[in-house]
Every structure is written in structure tokens, then in C-alpha cells.
Amino acid sequence: QERKKLVFATEGTFPPFNMTRPNGELYGFELDLLAEVAKRADFDYEVIAQAWDGMIQGLVDGKYDAVIDSVTITEKRLEVVDFSLPYTTGGSTFAVMKETGLELPGTGTFVDLDDTAATERAVAAIAEVLAGKTVGVHVATIQADFLNQYLADKGVTIRTYQTGPEVYQDLMNGRLDAGMASVTNISAFLEKNVETAMATGPSFKGGVMGRGSAIVVQKGNAELADKLSAALKSMSDDGTLEKLSNQWFGMVVTPKL
Amino acid sequence: MGDLALLGFGPDGWGLALLRAGLLTLAVSVAAFLCGLVLGTGIAWARIAGNWPLRKLAEAYTVIFRGVPDILVIYLFYFGGRQVVTAIGTALGLPGPFDISGFLAGMLAIGLISSANQSEVLRGAYQAVPKGTIEAGRVVGMTRITLFRRVIAPQAMVTAIPGMGNQWQSVIKESALVSVTGLVETMRQVSVAAGTTQEHFLFYAAGAVIYLIITTLSDQVFRLAEKRSLRGHAGGGI
Amino acid sequence: MDTGFLSTIFVQLLKGVPLTLNLGVLALLGGGCLALVLNLLRVTRTGNAVASAYVFVFRGTPLLIQIFMIYYGLAGFGFIRQSVLWPFLREPYWCGLLALILNDAAYTSEILRGGLRAVPKGAVEAGRVSGMTRLAILHRITLPIAFRQALPAYSNEVISILKATALVSTITLMEVTGIARAAVSETWRAVEIFLCAAAIYLALSLLVTRLTAWAERRLSPWQFGESP
Amino acid sequence: MSLPPTALSITGLRKRFGANEVLRGIDLTAQDGDVISLIGASGSGKSTLLRCIPMLEVPDAGTVSVGADSVSPKGGRLSRAEEAVARRMRGHLGFVFQNFNLWPHRTVLQNVVEAPLFVQNRSRAEAVDEAMVLLEKVGLTDKRDAWPAHLSGGQQQRVAIARALAQHPRAILFDEPTSALDPELVGEVLKVIRSLAEEGRTMLIVTHEMGFAREVSSRVVFLHQGLVEEDGTPAQVFGNPGSDRCRAFISGHFDRNR
Amino acid sequence: MSLPPTALSITGLRKRFGANEVLRGIDLTAQDGDVISLIGASGSGKSTLLRCIPMLEVPDAGTVSVGADSVSPKGGRLSRAEEAVARRMRGHLGFVFQNFNLWPHRTVLQNVVEAPLFVQNRSRAEAVDEAMVLLEKVGLTDKRDAWPAHLSGGQQQRVAIARALAQHPRAILFDEPTSALDPELVGEVLKVIRSLAEEGRTMLIVTHEMGFAREVSSRVVFLHQGLVEEDGTPAQVFGNPGSDRCRAFISGHFDRNR
């Protein structure tokens, strides 16, 4: 008896979450994660590559059943689609070039945006250093929301880019003084540029930083969302999720569900 | 610059993938351009020789397909096309499910955009044909078709070919937009490779080279056509 | 459809129109001048080679790649970052405009070349025997006739430059498409937002179409049976 | 005995350009074998009249008949049906334009065989053979593969004449067919026209060369202010013109050639 | 007494198109006030010779002088310096093309005032006044705002003549200036040319109208096979031509106008 395959879409260009081999094969943290989820939830699936433009429209139109592409849960997105439980909640921080000598206070600490007092203190300290400087960020991300909400009115110029990697490119070219991105993303960048660049400032979580990344399903497809969430929960419970995180990121960016 | 081995044909090289993507770019472009040429000729003809409603219709078509950003046309074809096809299929009582392939949607979308542009190029070229030579064709009793085929088209070529060359180039580059439909053409392959390896420049440069190769080859075709079209021509130039 | 959302988006997108127009108009002006120079170069052998190579490269590669190369590529060279040009090249606006101008020039020069072909040889000879200089012939005879012949093809170029300005959104400039894309990744309501953007572009290109139709009549009244 | 067939007939033809009424009611008939010269001042509407016959200019009023076909357009436009009739009429007409209008993208020979091959669907061998005979007649065999742009004015005019003849038209309309020809060639064209007339073909010739008109034509028509002012044999019109205007016009020529 | 100034001189002029050597060593000089008619068969190279003078066709060998300027191009190309001299020469020449070559994008009046305004930088009022006088002379005042495409053949030719005269050139080159004109207008052009000759202007006129050539010219030149075969007064050339070829050529005309 044949079971219907679930179709997942991903971009295949976002290391180390999802990447493509020259022969078109997809691999990465999210692919491994999905394999495990499928095993536990007991479904057949295939993954197709799809450009980011049109990714969600395709989902809404039913060209595929779910999207797994490091998508962060936000209120606005919830109006259009539904999410599973989150599988990463790594914070966000800043990257700078070493030669500029710029350094932010609070490196290595965590700041929870739900804790208003702590947030204000941390932001004030950063703003002092960044005033008059330009910070780049990937457009319409949680990091962009953060910058707009906390730093835009404190003399920091914010410049938004259509893709993540371009932020680093301009950082290296000297057009930006700092870039902001998720810790996972920045660590991938630093892997190649450890000589010249570094991460700095505290790691922000909670609040506008959202509730982490999750698998996206069509609005109202609770059945699938629940199935995926249950599998993720069991992976979190038995430590598989943490193991995968360590394997791909060298640190734990996954939540305790 | 990154590691050139990444562009090779080994198991870790992207050479083969890029080659395949290049061929797909070529295939989509050729199909779209020809589709645009056929439609564009018709539209130009309607605008020049059609009656009032036909002319206005052709004008509206041109305005819309030239004016709406290409990406949206592709969106509408890819996402809307499926609904249309399904509706038609269901109405005909055919068993589903229905879908429109990415290739077909992309080709049609780019072809339609291009047809609007090509019709303008052709219309301009038609107007540059000396009226006397058209009259000379009419007085020998040529039908519209013969007149077009034997007198107007060969002369209009002279002005049209550079403009059509432009259109062909645009089509090649617009073909990059069909990646939203899931087709892995050059631009998509380049961004996949660049994203995965984090070697942006290497792969964008490689992409530029692929486009230049396609251009060079197709330019030869246009150059040849141009040479042919110029036979006997004693036009200006600076 | 959600009209409240549509109107908010529409207003938001309208804020991008000035930048879109600014880039479009300046790109056409700069590109037009450069295209003319390229065609003038074609008189000599080396000039012709230079012009051909230029057109080959800039017409042969996607504008997106050109924008990337100018914005990220040039900046990758240390000496450019030290040079006097850096204050300009540092700015996304100037990089975007430069890319648009260079690209437009390649296309426009081809269109102009087609138009020049259609200039009757006799009209140029009549100018030469009346003792006109090359420049005078160009400005009084060749260009008016050529431009008129090239106008329909050129209106294509005007519209496509207008649409091409959308690509500078990739280098952080927030014109209509930049705003639209930001709104899409924020709200994920691609169809509604792009429809609004489409309406704006459609209105702009309708304007261009009207203008070129008017110019066609203005520039070649002899084909429409009007007297001055 | 029945009346001879009317090869060409024009009645009540009117044509205006804007405020300028060029033709104000022209009547003209020609039988098979007639050679009619059309004379008149520059700008008097001779070319316009000629161009109205194959409907290159659509008249505002009046009727044009060629053989059995007849068109009476209204309001300066042809309906679809009229257009079809006009095309059939054109198939029986040859036309030599005042400014030649050769096809610049075709060689001399190709210009001549174009209509036989692509309108009348004759065989290529036959069309080429005949074209070569015609080119021989106008002295252009050595230019058969030249482009029109590389020909002298007179050579272009001769190609235009050969092109019109290649169609075997029932009636031929010549608009100043000898304007660019030297005296010898004018003599040749005269011979060609005479032999065509003997074959029974009808010719309508606009010309400024009164000597030529006198030699070639069976009838001379003088156009003035949009109307036919004189219509008669060459002897009548040149020898004893009815109107002062015509006399003045003609004297300009014969004065100098006295 | 010094020799009269040479307005125009051509020596050893050669021009070939591919294998076809059209001009094979032409010598010709004209003094101020000379009116020279250039006659010869169609295709004999008359237009080519005329076009070589302002270097519209660059000769393969030979020298062309206009007043004090002189150019001797080599190998069918002009150097930059020669191009400058040629342009200066053109400033002293008027040219009426065989096929008129009016500027299609300018009205009749604009065609005539173009060179005075934009080459000679005369004042607009003066240029327009003079243009109107010229248009009056050729009978076209009512067409001043018409487009060339809307003119009859003869009207276009007259605009071309007016355009050439508006430049006040020292020498004027006419290529069949009366080919499209009716007898009356030919008479007018004859008058204009005579009055210009009296002013001391030099004219070189290609024509097929032997009657006109006889009336207008002080000298007639017969071109044959790329060489000057006859050169003399009209009486000499028409009355008693030296070569058989010339006699045969001319007789074609005078036979018909007997």
C-alpha cells in the first residue's frame, strides 16, 4: 500500500542549516533534523529546493506541504501560516572587523528582551559605542526589528540588505561598522574569517527576537503541525536535538521544549 | 578569489551543474524568444494594420506586459496558471491533479513580456521602411502576406535587428527570474553554489562568464542576420 | 481582499517612487550621453572595437551581476578603497546609479545604431554639400531622423530601465521594489503587495508610453500629416 | 460591331489633401491600345491622378474601372471588399513611379522577377528568361546583379520600366518615365511603348517632354486646376489648343525648340 | 591683364566602383560666370563626376580645386586635413541632387534656411526674407510650411534648387535640375541660371535636355566612356560635333524635335 509523500521545501543556500552539493543533493542541519522527525512521526517525504522569492506563496498555493528554512516565528507571519514548535532559539549578536578596533561591551553575556531593565542597560551601553556608526542587517528579520526598535532613535544608521551574506560582504568592504545577525549565522561567517573579524556585544533573546525558528505549514494544517511538533518535542526530550546542534554548530542553539 | 577547483568537474566541483544550468538558461530563452517573436509580430501587425478595436486591444496588451514588473508576471503564471489549468481541466471533466510546469510557466511569462517589447521594435522598424517601396509592392498586386514577406520584412530587418538583439539579451537575462518556479537555471545555480560554499565572487563571476558565452554565441547569429539584412542597403550611420 | 491592508501598503510603496524616478531619469540621461559617445566612437577602427567590446560586456551580463560587481566587487580592491572615488563608491546610491547608467548606455547605443541605419544617405549628403561640419550634420540631420526612427525601441528601454531600478533594492536602496520586498518578507502577503507595486509601475510606464507617443507625433509630424 | 472594350475608365474623380482640392472631377476613358499623354504644370495633380487609379491614393469620390472591375470608394477609405477588388485591378496594371521606388534589398534582376514569381506564380526559368529580354531592351543586362543603390538615375528608371513590363499588365501607368533618360534612351523607350501599343496594351503617360508626348501618344490630355482642360489628338492639342492656358503652357516648350 | 580667376578646376580625375572604372582621367576648368552643360549617356558617369567635386565620392586619383582650395586625395580616402579642406570647398559650392535629397524632417522653408542659419550663421530674419524671395522665384510661396513628403516631384526639385541658391555659393552643381519640371518652369529655371551667370557665378549642369543645354550654356561637355569626348560652345558641339559618337547621341534628340 502506497503512502502519500509529504513534500518539504528549502532554499539550499543557507549554511549550515541547508546547503546543496554540486549534484543537487541537499544537506545540512535541517536536513538531518527532518530525517529524524520523519522517522519519529512515521511519514515518507521528499525535499525540494526553491528560491526564497516565492517560497511562501508556493506553500500557500499547495505546491508543497511545509517549509523548513530557518524561518523565525513572528506574530505577523502567524497571520498567514502556521508553525511547528521551534527547533532553534540561538540569540543574535554583532560582528565587526578587527582592524576597526570597534568593540561592544557585554561580549559573552545574554540579555533577555523580556527583562526590560536589563535590556535598557545593555542597549544604552551599546548605543554609546555605535552612535554615528552604520549597522547592516538582513531585511525584515528579527534582527532588523530589534535594531529599529532599540537603536534607530539613538543615532545609529541602519542599512538593510536583501540577503544575509551581503551584510558580511559590506562589513569587509568597510561600508559598515558592524553587522547584526543570529549567533549561528555569525559563527558560520567567523569560521572563514577568524583572522580579521570577530563577534562582539551581548547575545539578545526573547521579545522581538521571537520564539525561534520552526517548520512552516499551511494555515490550518494543525494535523501536520502537531505531528511535527510532537516529533521535535521527543527529540528535545531525549537530547537528539542538542546532539545535532553540537554536530553542526559546535554549540547548543536548540531550545528545551 | 576562492578555490578554482570549485568550478571543476570533479565530485566536489560545480562545473557540470553550472553547465547544465547554462543549457537550461539557453533552452528557456530560445523558447521564450520565439514565443515572443510570433506573438510580437502579430501584435505589431494589429497595431499597424488592425481596425480600431484590434488596435486598442494590442495597445493595452503592450502597455500591460511592458509595464508590469517581470517577476510579477511570472508569479501570476506560475501560481495563477495552476488555478486556471485546474479550472479548465475540471470543466472538461478530466481527472486531476493539474499543474503547469515551471518551464512552461516561465517560458510563457517571459515570452509574453518579450512579445510586447518586440512588437514595439518591429513597429518602429516598419515605420522606417520607405513608403514608396511598399507602394511598389501594392501596385504589382501583392497580397498583404506577400507584401509583408517580400518587401516589408526584409527591409524592416535593417532597423529591427539591433533592437531585436537587445530583446534577445533581455530575454536571456529575464530567464534568471524563472528560478522562482523552481527551475535551476544559471542564476539560481550560481546563488545555490555561492550560498553553500560562501564563495560569492567566484560564482557570480562564473555566472557572468556563462552569460557572456551564451551571448557571444548568439551574437554571431544576430551578426550574420544583420549582414544579410544590410545587403544592398545604403543607409546612413555617422 | 483586505482593502485596509492594501491602502496602507500602497501609501508605503508610494514613498519609494521619488527614488525610483530619480534613478530612472538620471540613468537615462547618463546612459543616453554615453550611448551617443559610443556611437561616435564607431567612426574609427579602434573606437569601433572599444564600443563593440563595451556593448558586448554590458549587454551580455545581467544587470544584477553588474550591480554586485560594482558594489561589492570594486570595493574588494584595497586601492579603490584608498582612492578619491571611494566617497562615491562607498554609497549604494552612486554604485546603483553607475551600474544603471553603464547598462543603459549599452542598450541605448544599440538602439541608436539601428536608428542611424534608417537615416537616408541622401539627407546626410545634402548636409555635407551645404558645408555642415560633422557635428552640425549630427545635430541637425542625423540625430533628429535617427532618434525618431529609434523612438519605439527606445520607449522599451525607458520602461525597462524604470523596472530595472528595482534591482538596486539588492544593494540596500529602498525604492518601490525595495520597500515591497521588505514588506513581503515581513508580512508574507506577496501577491497583494506585488499587485500594488505592479499598479505603480504600470502607472509609471503608462506615463512613459503616453510621452513617447506624444514625442513620436512631435518629432515626425510629416508622417502624421500635420503642419507646424 | 460591338464597342471596343474599355480598358480603363475614370469618372468624376475627386481628391483633396487637407484644404487643397487637387482633383475636382476628372473623367477619362481609354480603350485597348490607346496611348494617352497626360500633361500639365508641376503640382497640377498628374501624379495624384495616376496614383488614384490603383488606389495608392484613395479618391474622395468617383469611380475607377479597369476591365470588368470597378471601385467607387467613399470618404477616402476602402472597405475590405473594395480593397480586394482594388488588388485584382492592380494585378492588371503596371506602374512606373516618378521616383522609381525600386526595392533596395533586391538586385536589378530580382526587382524585375519579383512580381512574376511571387504574385503571378510563374516558373522561375521563364520569369528570368523574360526579365533578361526586358533588361536587354533597356540596355541593362550587365547590371543584372547590381543593387539599386549602385545604379545611376537613368539606370534606376529603366529598371522601374522593366519591372512594370514584366507583369504583362493590360494597362501601364507611367509617371514621367523618361525624366532621367538621355535622348538615345528616350528613343528606345518610345519604341518599346509603340510596340506595346501595337500589342493592344493601354498606356497612360505623365510627361513633361512635349516632343515625346507628340511622338508617342494617340491622345493628349491637359490637366489644369484639377480638371481636364484639353483632350484630343496630339495634332489638335499641340497644333490648335482650345484654351489660352494650354497654349501658354505648350509654347514654353516649342519656343525653345524652335 | 591677369588671367581670369579659375572658379573650378578638375584634373586627371579617376574613379572606379569595383571593376567598373567610371571616370578615367577627366580634366575640366570653369571660370567665374561660366555655365557648362555636361551631357552623356545614362550611366556614363555624369553624376559621379559631379559628386566627386564636393568629395561626396572620393576620387581614386586627380585634383579638384574650388577657388584657392584644392584637394588631391589618394586611394579613395580623405585624410583628416583633406577632409577639412573639402569642407571649406563645400562652403563655396551649391549642389542640386538628381534625386533632390530634401530633409524629410524639415518643412520647405526650413530646408531652405537650414544652411544660411546653421552653417553661415546669418540672422534669421534675413535668411527667411531671402528664402521667401527664392521660393517666390520658383513659385512655391504657398508651400512654405509643407513637408517634403507632401510635395509633387517638380515641387521637390524646385525646393532643392532654392536650397542650393540660398547658400550664395560661388559655383553651383546641378544634377538634372529640370528633369521633373514642366516646360514653363524650365523656362523659369533658365532665367534664374542666366541671371546667376550674369552675377558671375559658375555653374555646372548635368542635363538630358539638349534644347535646354543649348539655350543655357556657354560651354557644352560631352562625356563618353569615362573621358571628355567633346568640349566646346553649344554651336560647335550641337552644330558640328567632332566625334561620331557625339553626333549619334545628339541626333536622338534633334530628330524628334525637328
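Here the chain labels run A, B, C, D and E in written order, and each chain numbers its own residues starting at 1.
We take it that a residue touches a chain if its C-beta (ideal position, glycine included) is under 8 Å from a C-beta of that chain, and two chains touch if they have at least 3 such contacts.
Just so it is clear, the structure is predicted and the values come from calculations on it, not from any experiment.
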Subunit C and subunit A - chains in contact with each: B
Labels of chains that are neighbours to subunit B and to subunit E: C, D
Graph distance between subunit C and subunit E, where chains that touch are linked: 1
Chains linked by the largest number of contacting C-beta pairs: B-C
Length of the line joining the C-alpha centres of subunit D and subunit E, rounded to whole Å: 29
Euclidean distance of C-alpha centroids - subunit B vs subunit D, Å: 46
For subunit A paired with subunit B, centre-to-centre distance based on mean C-alpha positions, whole Å: 38
Inter-chain centre distance, subunit A versus subunit E - centres from mean C-alpha coordinates, in Å: 83
Residues within subunit B bordering two or more other chains: 71, 75, 79, 200, 233-234
Touching two or more other chains - residue numbers and ranges from subunit E: 99, 150
Where subunit C touches two or more other chains at once, by residue number: 72, 76, 120-121, 123, 145, 190-191, 223, 225
Complex interface listing, subunit B residues touching subunit D: 130, 132-133, 135-143, 146, 150-151, 154-155, 229, 231-234
Contact footprint of subunit B on subunit A as seen in their complex: 11-15, 19-24, 48-51, 53-54, 57-58, 61, 63, 165, 169, 188, 192
For the subunit A and subunit C complex, residues of the former touching the latter: 54, 56-57, 76-77, 79-81, 136, 139-141, 159-163, 166, 169-170, 172-175
Touching residues (chain side subunit B, partner subunit A) in the complex: 11-17, 71, 75, 78-79, 82, 99, 179-182, 184, 188, 191-196, 198, 200
Subunit E-touching residues of subunit D, taken from the complex the two chains share: 17, 39-43, 47-48, 98-99, 150-155, 158, 175-176, 179-187, 190, 208, 210-212, 215, 248-250, 252-253, 255-257
